[in-house]
Amino acid sequence: MSEKDMKETYEGAGVSPQDQADNPVDRILRQERMPHIWCPGCGIGTTVNCFARALEKLNIDLDNLAVVSGIGCTGRVAGYLKVDSFHTTHGRAIPFATGLKLANPKMKVVVYSGDGDLTAIGGNHLIHAARRNLDITVILVNNFTYGMTGGQYAPTTPFGSIQTTMPYGMYEHQFNIPKLVAAAGAVYVARWTVYQVAHLTRAMTEAIAKKGFSLVEVMSPCPTLYLRRNRLGEGIDEVKRFKEWAVRKDGADVNDVGISRDKPLIIGKFVDIERDEYIDLMNRQLSKKLGDRYTLYGVENGEV
Amino acid sequence: MSEKDMKETYEGAGVSPQDQADNPVDRILRQERMPHIWCPGCGIGTTVNCFARALEKLNIDLDNLAVVSGIGCTGRVAGYLKVDSFHTTHGRAIPFATGLKLANPKMKVVVYSGDGDLTAIGGNHLIHAARRNLDITVILVNNFTYGMTGGQYAPTTPFGSIQTTMPYGMYEHQFNIPKLVAAAGAVYVARWTVYQVAHLTRAMTEAIAKKGFSLVEVMSPCPTLYLRRNRLGEGIDEVKRFKEWAVRKDGADVNDVGISRDKPLIIGKFVDIERDEYIDLMNRQLSKKLGDRYTLYGVENGEV
Amino acid sequence: MTTERKGKGTIFLRKEFCKGCAYCIETCPTHCLEFSEEFNEKGYHFPVLARPEKCTGCDICGMFCPDFAIFGITWKKMDKLQAQKNEGGKVESRS
Amino acid sequence: MTTERKGKGTIFLRKEFCKGCAYCIETCPTHCLEFSEEFNEKGYHFPVLARPEKCTGCDICGMFCPDFAIFGITWKKMDKLQAQKNEGGKVESRS
Amino acid sequence: MAKYEIKIGGLGGQGVILSGIIIGRAAAIYDGKYATMTQSFGPEARGSAASSELVIDTEPVGYPYVVNQNILVVMARGAYKEYGPRLVDGGMLLYEKDLVPIDEEDLKRRKIRYFGIPATAFAEELGRRIVLNIVMMGFFAAVAGVVSPESMEKAVLASVPKGTEKLNLSAFQKGLEYGRNLLDNK
Amino acid sequence: MAKYEIKIGGLGGQGVILSGIIIGRAAAIYDGKYATMTQSFGPEARGSAASSELVIDTEPVGYPYVVNQNILVVMARGAYKEYGPRLVDGGMLLYEKDLVPIDEEDLKRRKIRYFGIPATAFAEELGRRIVLNIVMMGFFAAVAGVVSPESMEKAVLASVPKGTEKLNLSAFQKGLEYGRNLLDNK
Amino acid sequence: MKADPKGVLTGIHFMDGNHAACEGALAAGCRFAAGYPITPSTEVVERFAARIPVVGDGVFIQMEDELASSIAIQGAVWAGRKAMTVTSGPGISLMQEHIGLAATYEIPLVFIDVMRGGPSTGLPTLPAQGDIMQVKWGSHGDYEIITLATSSPQECFDLTIKAFNLAELYRCPVFVLLDEVVGHMLEKVVIPEADEIEVQERLWTKKTPEEYWPYDPEYGMIPGMVKAGDGYRIHTTGLTHDHRGYPNLNTKTQYEMVNRMINKIKDNADKIIEYEEDGVEGADIVVIAYGVTTRVAKKAIEDARKKGIKVGLLKLVVVWPMPEKRIREIAKNAKALIVAEGNMGQLVYEVERLAAGNCPTTLVPHPGGGVHKPETIEKAILEAAK
Amino acid sequence: MKADPKGVLTGIHFMDGNHAACEGALAAGCRFAAGYPITPSTEVVERFAARIPVVGDGVFIQMEDELASSIAIQGAVWAGRKAMTVTSGPGISLMQEHIGLAATYEIPLVFIDVMRGGPSTGLPTLPAQGDIMQVKWGSHGDYEIITLATSSPQECFDLTIKAFNLAELYRCPVFVLLDEVVGHMLEKVVIPEADEIEVQERLWTKKTPEEYWPYDPEYGMIPGMVKAGDGYRIHTTGLTHDHRGYPNLNTKTQYEMVNRMINKIKDNADKIIEYEEDGVEGADIVVIAYGVTTRVAKKAIEDARKKGIKVGLLKLVVVWPMPEKRIREIAKNAKALIVAEGNMGQLVYEVERLAAGNCPTTLVPHPGGGVHKPETIEKAILEAAK
């Protein structure tokens, strides 16, 4: 569907001309690929909505934005965004992004992927990227499951939840993702749910603006494969539940933000610290050692 | 060299009969493989010495002990121990150990490997094993480098240190290993250096005895590829330096135990907590759901 | 095809994109949306602006909609855009 | 080939295992070890019990030795082992 | 007819796959025929069309997919639109009456026999919209003549979750009766 | 002799590899010959023997390893023990006099010419035990007749770390002179 | 040995290939599975996860990735279990290092590969046969594996049992290939009584710990096995090792190790090989195929026969090792060989090699995403018959 | 285009193959390398790490593992760089998923594989040629790559440049194989002036963002490239995709995609292929070899010729694609083909296929850990000449 066609499909409650609807999402979407594949009530689309608005707020040149996804339902995000966007392999969005950013430091690089992709198969890249503190942002959509493959348990599946490979209820411990990435070295870590769209948007804005490795964990309903199997209703039920379940605690100790369906879901901005960024460190050390023989890398007109 | 031959090579300062030397290391070594490949002044051998003594103290049936190593200088440890011992692939000792332990829960399973092996290529398995809290013990020998491959930088190489792939001085951030594994879920985490042989031995004893995922980080000199390249002398110089550099702080906040050559090296037992073990959790959940249809797994005569 | 301006704003809807998830309806702060009786082609009920007088054009529905189907806008912004357009100013579609 | 019992203990050494790292010499609490003048086959100086009267048989040298070359033992323990052996008790080599 | 090539189409969640399994099981296990069921699934189909295919034969099934689609069972408009045109002339169409508007002229021209049932309404009568597909299966048992109703009934019982047998049997009966009546009155 | 097959053996840390590079560089870059150097390395060799091999020829080197080891340079006893027996009859042995006890009878029987030098002592005289291998190279330049002393000297300069040229040149000269004297007096 | 009834779901089922493969594994005595979800294979371990707690004395664990699954099972095998992992092409790519390790460890291990369209992420939900060379050549260095291809749910059951048996007999990795469509196809599956199922027990050593070394041949070329905890205190390594399992890095040990590893398969090929022939004797044209393609080929052949063409089918049940002698023979007697496979040309190279110029070899490729149309194969037959 | 002098270390060096390969990469314009240390390959990136800060405008990063290195370079390529990674067998095994991805992305990429003895951890410090089939078949699904084999440090330099050039020309992964002994062998390496080095520029698109789709063929079968940040706002995926780079999961798109990917190599094979002949014309026996084995074979051939045998050498510089036509021709005229390789039989299968029964093909294997003795090859020649 072309951008124009897409605009024209709007039914503006009788309003004309319809193409005046200046929807920021439409501008960043690959309209020709709509509608997307996500299920009714899946929260991933909502996160994209927030992402579009965050970009709008940041007012950055979208030509210099790259979005990289792994594989999964969330992994399809890259494919719907009209920026340089890369659908990579399962778990490897972060090292791809690392190469991209390092090879062309002027790019803003955002990794957008799922909990399974980023913390199961991709866990090593996650912690190493956090350690290096290269300036990239990770949007991690946590839906408690491997959506794309049909609802197997993930390192995030809450205790007791049924999943196809945990048919009698989850008995493995879960990752506390903010704690893990903070321990590895992330400089910005926040968690929101798709219920707090405005906060989520702001968190995305902050994370992208932050220099260094930043991560936003977004709790998002997967009605098809997580909620229904656990008799938790439809997407909207979880969204409404998020409202009750979530308790905002900015600056909460990451030790306290592990998720359990019986305890409040702590949300907010947990980490926002300063720590030398990767390319800065590299430039500093190499200049120190090589002096004039070294030209600062990735620096245009004195600015990185 | 046979056990007997090995004993006979002892020169007992004139003492006879020589085979009375009841050295615990000799009993656990594959004598026929001595001497080992480690360089003069390499600390790995000292850690093995402590390990042998720890086993002696634990007084466990060595037939039920398996030692699993990855690849590296430290990775050679498994090959020198006369127990069921497995030299696996680079970074994958932990998942091998996971399969072994899970398939035969009566075994005590110890993973013995290097910092590069366990935290670089093997980082994902490390954090997932800590998360699951399956009852295995990791002895991580941290020598600040990839020894076996000739001294490339590792995620542990201190800032400024020269390594072949960091010829102008390390500029990447390092992992704080105790913090990372604690964040992932380890129940026992300690750090010692090869200088504190007695403490190290006790820590190994405690870690092996502890139910759940335990890790002992051992700081160990690599004279050949780390020390000399950084003009830090021989192995013994680092051992002596450890004495000065290390400050014992049991129960130290893992946030404070990151390593830098300019700051005190915090050592001690950092984490020793209770958290449900993997097979226990599995048995509990499956019994709850399946009742009589399920027979407790890995439990012999009522004991795990 | 202009319409009466009952509230401070209105919505746009791409009916065929809607998957009937009710996000918009449940999150609209002024409760001005309701499900249609009608089905769309895919068989979903979609939202309709049942109480247009209450719509503020806040676009909260739009932020929530996982299917990019709905979008709220204030009349004020609409008028501004219209004015821009009338002046020949191109409405940038690539920011 | 018994020897005079000067201290509380003594050391055993597998000279050819030694790589001359000095761990034992530097960590012996009673400073009773010294490097030999001699080289072993591999060309390393190995430790000798220069001050046997000071050796306590504490085996700290043995715990430090990365090459499993040295081992300290008290005369007391030695005698016990000898006694065991004389009684025909096998000294278990696989614990 | 020795060989049946059946397509079942609907929306995800309507039980299209289970329907295929029931027919297949009835044919293969209880009716002593050979049955091969395949399914089209995958992310691209999420929230939209779902379908299963069955080849039933008196000899082992080689090529596993439907080629000459001679029976079509549809529970959603989209499925009818997509698979309707592929029905062979002289084939048979079973459809959910309230959900699928059909093009009678076209069907007649192609000599396709077609039978509709308000399965959703029946299912709702039984209190569970979800048994719509089992109503369909009763209807299929009555009308299609592919597998015996007895075998179909057994297959339903063997295929539904434990504890839901009664409800599903009622649904099946509903469809069966409606189908039989329809045939009687034709 | 058109083709030289040289083995250099010693302990890790004695500069065995660098020695090979120096001879190879001298032959290949400054003497216009073909030279191929290979090295044996690896974990199994840690802290023990190290060796390098050189094939020097007037035509391109095919098979890269030493087959007819006609020159052996040894700086440690172990290396002599290991590689000595592989020296071809009529070959040449250069050895560190103080470190390597040789079996003169055996060498004579095999018609091997042998030349020793107290290279370690010379190096210690110069204040840096580490230049032992460069002393050896001077000696090699004088005695072996494989590459011209001028080329060897250039190769030494091109191969040692910047700032150490003077020391290394002295070491080279030392070995060269000692070798020349030895030849003169033989 | 007969199968342990606990793992045998005796009865007549209408079941898909993935589930049938799981039942085959359970019947064969597999009590440990590690996996990482991937379409279109996951149902195999999903079923295993549901069944094993009830079958008893076994575990399923979902590992963090395929690297982990493919080595967790090796730990389990050394602990005495029969073990498997299940994946699809991308997973096989990630497991390559551990396939080589398993070959070098010489341990019985079953890899089930439910093939989807490739390369890369490709066509996750659609069939192809593009991994046939990968399973043989994907890891570095020289080694041998065994590979079976299934064409129906019944074969998924039967051949998975066979795979476990072969793995035990030859101490090597055995692959079971399912085309996606076979994995997701439901057909009748007959599971016999446990005592009708022949199961190969592990070749446990008969030696004492004192006599035993893990790579001393004991059963023909095959060393006997032990399990951790039994007091043998073994060592093993992926490094080149001697009969003791100790690293020994030289050409001689390398030769001895690799040569035995390869020859234990090559020399026993006749015992391992399984194929089915339909009218090959006397045929002018012989179609060679494996997996689901054999079903399509059958149809094509029937149709061609109706047109008077003398055409036969050689169905490879065991694909690796190839029935080299038989194919060479066939090539000598036939006018043409046709290889129909769900890829752009892979096994055809091997067939062409074996044909040795005795007759032409034609490929009927399919890029994946579906299976051949019978007509396509028939056309190739008619063409070749001209 | 001529090489950028900044990366060219003009002069005559006594250098080993690993270092020479690094210099080749720098001369070819490679400005991004990601790697993970592994013996015997690490010196390539060690040198890169030392050189690149001084050469300027480039980076080396040591990633956490081979999976990461092999995809970091793909990010870098999409960011406009020429990039490579360097590893050995076990690393290649781990990179298989990303080799398939690179093929599917259709991006220029160089993989240097310094081969050691395998399988598994094998012989880390000793040579072998056991990865030759792996580099072609190791990833799942159908795809094509190019592979060059080096036999001397000079070739390491020259062929690494060629590899980068071919990668750019055909937008595909290109492998440079070094036998361990070549990687660690020092010989004279002549590095010419920058303006004597021909370097292939990226095939940048000539289209505007409005006209452009990433998989529209533009240079023959090859689509033009763009780089991230240039406003083209592209998408790409490892899923089966159409000309727009969008997933499109059906047989038709699959066919179009895979077919073009394969044929861009196959149809251009004549341009890609490089081999050297020594006395092949009129020879009774032809030895086929690659890498270091060619050096040994030369010696064997010389010796055999002295005994009056008419024997020639076909040295494969480009191993994949194979010079199929030439080998078929040779087989028709020769009495026998001999394949000498540092493995237990890999490329020999392909040669035997191409020989098509016209003459026998004999393998002279070597298990790894060293190289053939010239006598061994000579013996095979004499045997074949009987």
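Some notes on this structure:
For reference, chains read A, B, C, D, E, F, G and H in written order, and residue numbers begin at 1 within each chain.
We take it that a residue touches a chain if its C-beta (ideal position, glycine included) is under 8 Å from a C-beta of that chain, and two chains touch if they have at least 3 such contacts.
Keep in mind it's a predicted model, so treat the numbers as computed, not measured.
The chains in contact with chain A and with chain D alike are B. Among the pairs B-G and C-E, the greater number of C-beta contacts is found at B-G. Chain geometry summary: the mean Cα position of chain C and that of chain D are 87 Å apart. Chain B and chain D have Cα centroids separated by 26 Å.
Rounded to whole angstrom, the centroid-to-centroid distance between chain F and chain G, based on C-alpha atoms, equals 55 Å.
Of all residues in chain E, those touching 2 or more other chains are 42-44, 47, listed in ascending order.
Across the assembly, chain H contributes residues 39, 53, 64-65, 67, 90, 97, 101, 120-121, 124-126, 237-239, 247, 249, 370 that each touch 2 or more other chains.
Annotation for chain D: residues 19 touch two or more other chains. Of all residues in chain F, those touching chain H in their complex are 20-21, 24-25, 28-29, 34-44, 61-65. Across the complex, chain H is touched by residues 30, 33, 62-64, 66, 68, 78-79, 82-89, 92, 95-104, 106-107, 124-125, 128, 282, 286, 290, 293-295, 297 of chain A. Per the touch definition, chain B reaches chain D in the complex via residues 3, 6, 9-27, 29, 34-36, 38-46, 48-50, 53, 55-56, 59, 62, 82, 194, 197-198, 201, 234-236, 239-240.
Residues 71, 87, 89-91, 120-121, 123, 146, 148-150, 152-153, 155, 164-168 of chain B touch chain H in their complex. Residues 1-3, 10-17, 19-23, 26-27, 44, 49, 52, 60, 62-68, 71, 73, 77-78, 81-82, 85, 91, 93-95 of chain C are the ones that touch chain A when the two sit in their complex.
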